[in-house]
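Note that chain A is present in both complexes that follow, paired respectively with chain B and with chain C.
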Partner chain A sequence: MELEKGKISATHLIFSIGCFIQGSTLLSAFVISVTKQDTWFVVLTGFIISMGTIGIYIALAKMHPHKTIIQMFEAIFGTFIGKIFSILYIFYFLSLAGLNSRDVGNFVVGYIMPETPIIALLIMFVFICSWAVRSGIETMVSYSFLFVVISYIVIIFIFLLLIGEMNFNNFFPAFTLPAIKYVQGTHIVAAIPFSEIVVFLMIVPCLDNQKKVAESFLAGLLIGGITLLAVIIRDIATLGNMISFVTLPSYETVKLIDIAHIITRMEVLYAIELLVLQFFKVSILYYATVLGIAQVFNLRSYKPYILTVGIIIISLSIVVFDSPMENAFWGSTVAPVYSSIFQLLFPGVALITSLIRYIFKGIKVGQS
Partner chain B sequence: MNRSFTIFLKLIAVFMIIICLTGCWNRRELDSLSVLVGIGIDKTDEPQKVNVTAQIAIPSKIKTSGNKDESSSSAYWNIQYKAENVFTALRESTFSASRKLYIGQNPIVLFGEDLARDGVQKHIDFFLRDHEARLNEYIVIAKGKAGAILNVKPELEKLPGLNIEKLIDLHYATSKVISARLMDFVSSLASGTTSPVAPMIQVDGASENQKLSMSGTAVFKNDKLTGELDMVQTRGYLWVVDKVKGGLINTKTPNGVICLEILHSKSKMTAKKKEDGSFVIKIAINADINAGNQEEAYNLLLPENISYVENQASDTIKSEIKASLNKAWELKADIFGFGEAIKRKDYKKWESIKDDWDNIFPEIETELEVAVKLRGTGEINKFVQPEPEKREKNNGA
Partner chain C sequence: MIFLLISVFIFVALYDIPDLIRKKYWRELVVFSILFLSIFGIVLLQFSGITIPSPIKGVQYILKDLLHLNYQIL
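What follows is the complex of A and B.
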């Protein structure tokens, strides 16, 4: 059964993963509210920890080549239990798509157009995403390189404009918070931007050269990780102790750009970057949901479900939170635990089970 | 579904999106906005109310060309409203202003002196929270009423608000005026120990020839105005926090007074821990100066004279810093961020002393290290006078 006939190259996968992680970097307030001026450290530890979880994904992909995570579960646990896991994953991808669309809506309504109904924005945003999903994976990922380049250019540009505002005393005193905060922060960083790339296990089967999975995942993680670190360092150095008060640190940072009252009001750069990256991220999650549904129910094509899922995403993103405060609370407390189930627990169980089956029963689960 | 029908559906979708994108709910055109160029906030007789003066620019009158009659009328309109808080007052101004106020371009927020003594934080909150307001508005404290300051019509600029902004932007010319952005002010408030500071402005002259002038620095304790620094103390403060960008130093030499211009300076403040556990704040300043004006002949080409002038200048700088330190100690207001320096140095110790910081701060030891370098004598290298041998000849004749 070939649902997706598109083929993507390793380069495209690298930039897609990088772009996907970058989508979260702009909304870094979740972790900054926990670890304040030491967030840069948490980003590094989170990066190292998530290399472990990504190791699990790579091992799974190597043991089950040409299979999406949905098909893997059916191969490992049998049809019935496998389908239960698959449905849970579909829900996970769907909820992430909803949450990320909501982030876009919150941003536009909160900062740019406060009187616009959020549904008007979400319908347009998700509509464009659904168009991207309809065009297939090949089309979607071919934009990733462009988006990564755009966001790097924007980040470097903002960095240069803000050099005068930065004060590196803002990083001190370092390491003064209780140790548990660092654990929490590391967990948030590992769970929210980095390990969300579990969704790429839905896309790996399209990779033309299956031997390059490991390099692609790690290189993509590096692209995203560097961006996150640069953005966090810039925001801390610029905002200082204000960083734990503002709702969107990166946005306030960009607002501070003022060179001789001429080069100023650059926040539109941030808005463009945010919309472009979130578009990419939601499209990937959307695609994974639709493809997952088609695979679980053994359908011949996923295209008829695009609009339906799109409507579910819109409704979900409207009902999921009453307010951005609820969103922020969820993001820094519940989300890491919720995500860990899908990012670490289930893939871990799947990996161990398939190893056991491989060793004891000698069942051939694939060659790598 | 045939091909042309698909294309037709796609076209409909595209047009639907285009139609949605043309107009958004928050469309704001210049003809429906009144752009704020200054906000003044004053205390009123009623305890729970503030008097807000909003200065609105009138774009059609800002044009420089045009006939003479138009230029005589002012290009701004000050609208005053009394309400429970700033936000309410700005909103309720729509009772008499036909356009909604737009705060995104507002350069300054003026607080009246009386209001500042009662605390400004509850009035600042709105400027941080509003999505249009920016963190780089200037905070200014008015001597007297803020509304009166905004009424003084400037000579060089069309709008009083922008005039005040430019006065503050020029702080580098003397370094006797500070600039305090909302961001700096709030950042000090958030630190808990650093006292916020803001420039003060006053009206000079009688009713016909009124002009505005910057005058010293307002010092806050938490969010309440407690005292002020004069111009000399202000520069002392700026030396410590590394914000001196220019200015003049008048120094006595054996032959008359010499006026030196500060080219640039760099200062570094660090906390050092002594053996007995107390802290010393070390302030190291490097300044480059240039000879700007000489009243009598004093040869600046001789090395011993150069070092004499440099020492004199560094003494002046030290005395300015001491003046500001003494004033801050007297007010018990840590305007310099010594507390933050100690916090960076030794966080554990800081945690134990921070509650008592108000009492420790006035007793804290400081170490001043000022190194001044004379970098030039300007376009002439000597005081203009007849050469010495000629002068002797003239005297002899």
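What follows is the complex of A and C.
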């Protein structure tokens, strides 16, 4: 029985993937604290490496058409082991949703409304996300184009206003850090913004033309990658050495806009962009969690679980870290390893297993 | 605060359960109840001042302190 009846077009998938990656763009401090002024370089290497991991997702989606990642694991490893993997994936999506909601909460409490308790913000934010999830995947992704356009307009606008503040000597000295830092930076960039689109393997079965999976993923990655690169270059050129000390580089960059004391205090632009993009990102993760739960337990509908999962996300994002510093430590040291388990290890094992089954048994796993 | 919390949970239950019963989705109702009651217990503990251990910190403990699969801050 089909859980999700909505159909999405390839264009919507492209813009959703782009929008999803842009959601992480604004919280680039994890990688900037590691590689400082050379971050633009690790963004490029991370982009190339994540093309490889996305190749795995595309191959999986091609071998198992009309299946979400949870159904794929059950088809490849059998019911029992498949369900263990699926529950781990649900935990992964849930933890990402919790962490991203917490990022929003930290941002609003830390910079805009310091007196407000974080739970009030989280309840409002997650409630809006649950509203989006309840309206179905078609409605959710059809906003992605608008969000991508809004964020591009905001980025270009800020770029133009900041041209006077930019100093391209800030990129020097280049390549002086120890080599391990570049490895770490590449890993962070590949794992945190780019390969998180493993969650779109939950949405691919809704694509009306299954042949367009590959180009949708790559085009979406390109949209997100260009944004990330542009934002990082802008921030480094504007902030210089200060960039590795601030928690939200883009926010500090936007604060510097001051044209004749008239056009100033543009932080609100950044705040709008962050909330819009994080809203989209959390709704996709939220949707994946709810759909995953429904598929693991073979349920006929996922709608009744939306509010309950929303409460789980709120509760998780309250307990997740005690302070933003712990969050930053997690982001730059442990999170890339944690994410890689789900982005590279499990899909890689699944791909190899299904290839072996395909070669030795001659059975096409996807059609069994 | 606890009163507010309980009323939120009652609202969620009243919002979701009648539809499940009307369609005779008994299996779904069982899964819903397990999920609902466990999260209700956890949130109730959280609101009465008991510190719930963070699952992410658990993952961090496994990866960082047991397996040493993390990067160092130099």
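In this text, the second predicted complex is superposed on the first by the 366 of 368 C-alpha atoms of A that agree within 3 Å, B and C clash if a C-alpha of one lies under 4 Å from a C-alpha of the other, contacts with A are read in each partner's own complex, and residues count from 1 in each chain.
Simple rule for what comes next: a contact is a pair of C-beta atoms (placed from the backbone, for glycine too) under 8 Å apart; a residue touches a chain by one contact, two chains touch by 3 or more.
Computed from a prediction, not measured in an experiment: that's the story for all the values here.
Novice: Look at where chain B and chain C land on chain A after superposing the complexes, then choose clash or fit.
Specialist: fit
Novice: Looking at A:330 after the superposition, I want to know if it touches chain B, chain C, both of them or none. Which is it: first, second, both, neither?
Specialist: Touch partner of A:330: chain C, not chain B.
Novice: After superposition on the shared chain, which partner residues are touched by A:304: those of chain B (first), chain C (second), both, or neither?
Specialist: second
Novice: If you tally the residues of chain A touched by each partner, is the higher count for chain B or for chain C?
Specialist: Chain A has more residues touched by C than by the other partner.
Novice: Closest pair of CA atoms, one in chain B and one in chain C, after superposing: how far apart in Å?
Specialist: Taking the overlay as described at the top, chain B lies 6 Å from chain C at its nearest C-alpha.
Novice: Which chain A residues come up in both lists, the one for chain B and the one for chain C?
Specialist: Residues common to the chain A contacts of chain C and of chain B do not exist here, since the sets are disjoint.
Novice: Using the touch rule from the top, collect the residues of chain C that touch chain A in their complex.
Specialist: 8-9, 12, 15-17, 19-20, 23, 25, 27-28, 31-32, 35-36, 39, 42-43, 46, 51-57, 59-60, 63-64, 69-74
Novice: Taking the touch rule as given, give the residues of chain A at its contact with chain C in the complex, in rising order.
Specialist: The contact residues of chain A facing chain C are 34, 91, 95, 98-99, 178, 180-181, 184, 187, 293, 297-301, 303-305, 307-309, 311-312, 315-316, 318-321, 329-330, 332-334, 336-338.
Novice: Enumerate the contact residues on chain A facing chain B in the complex.
Specialist: So the residues of chain A touching chain B come out as 110-117, 120, 123-124, 127-128, 131, 169, 172-173, 176, 239-242, 245, 252, 255-256, 258, 261.
Novice: Would you mind writing out the residues of chain B in touch with chain A in their complex?
Specialist: Touch residues, chain B against chain A: 13, 17, 20-21, 24-26, 128, 131, 134-136, 169, 183, 186-187, 190-191, 340, 343-344, 347, 350.
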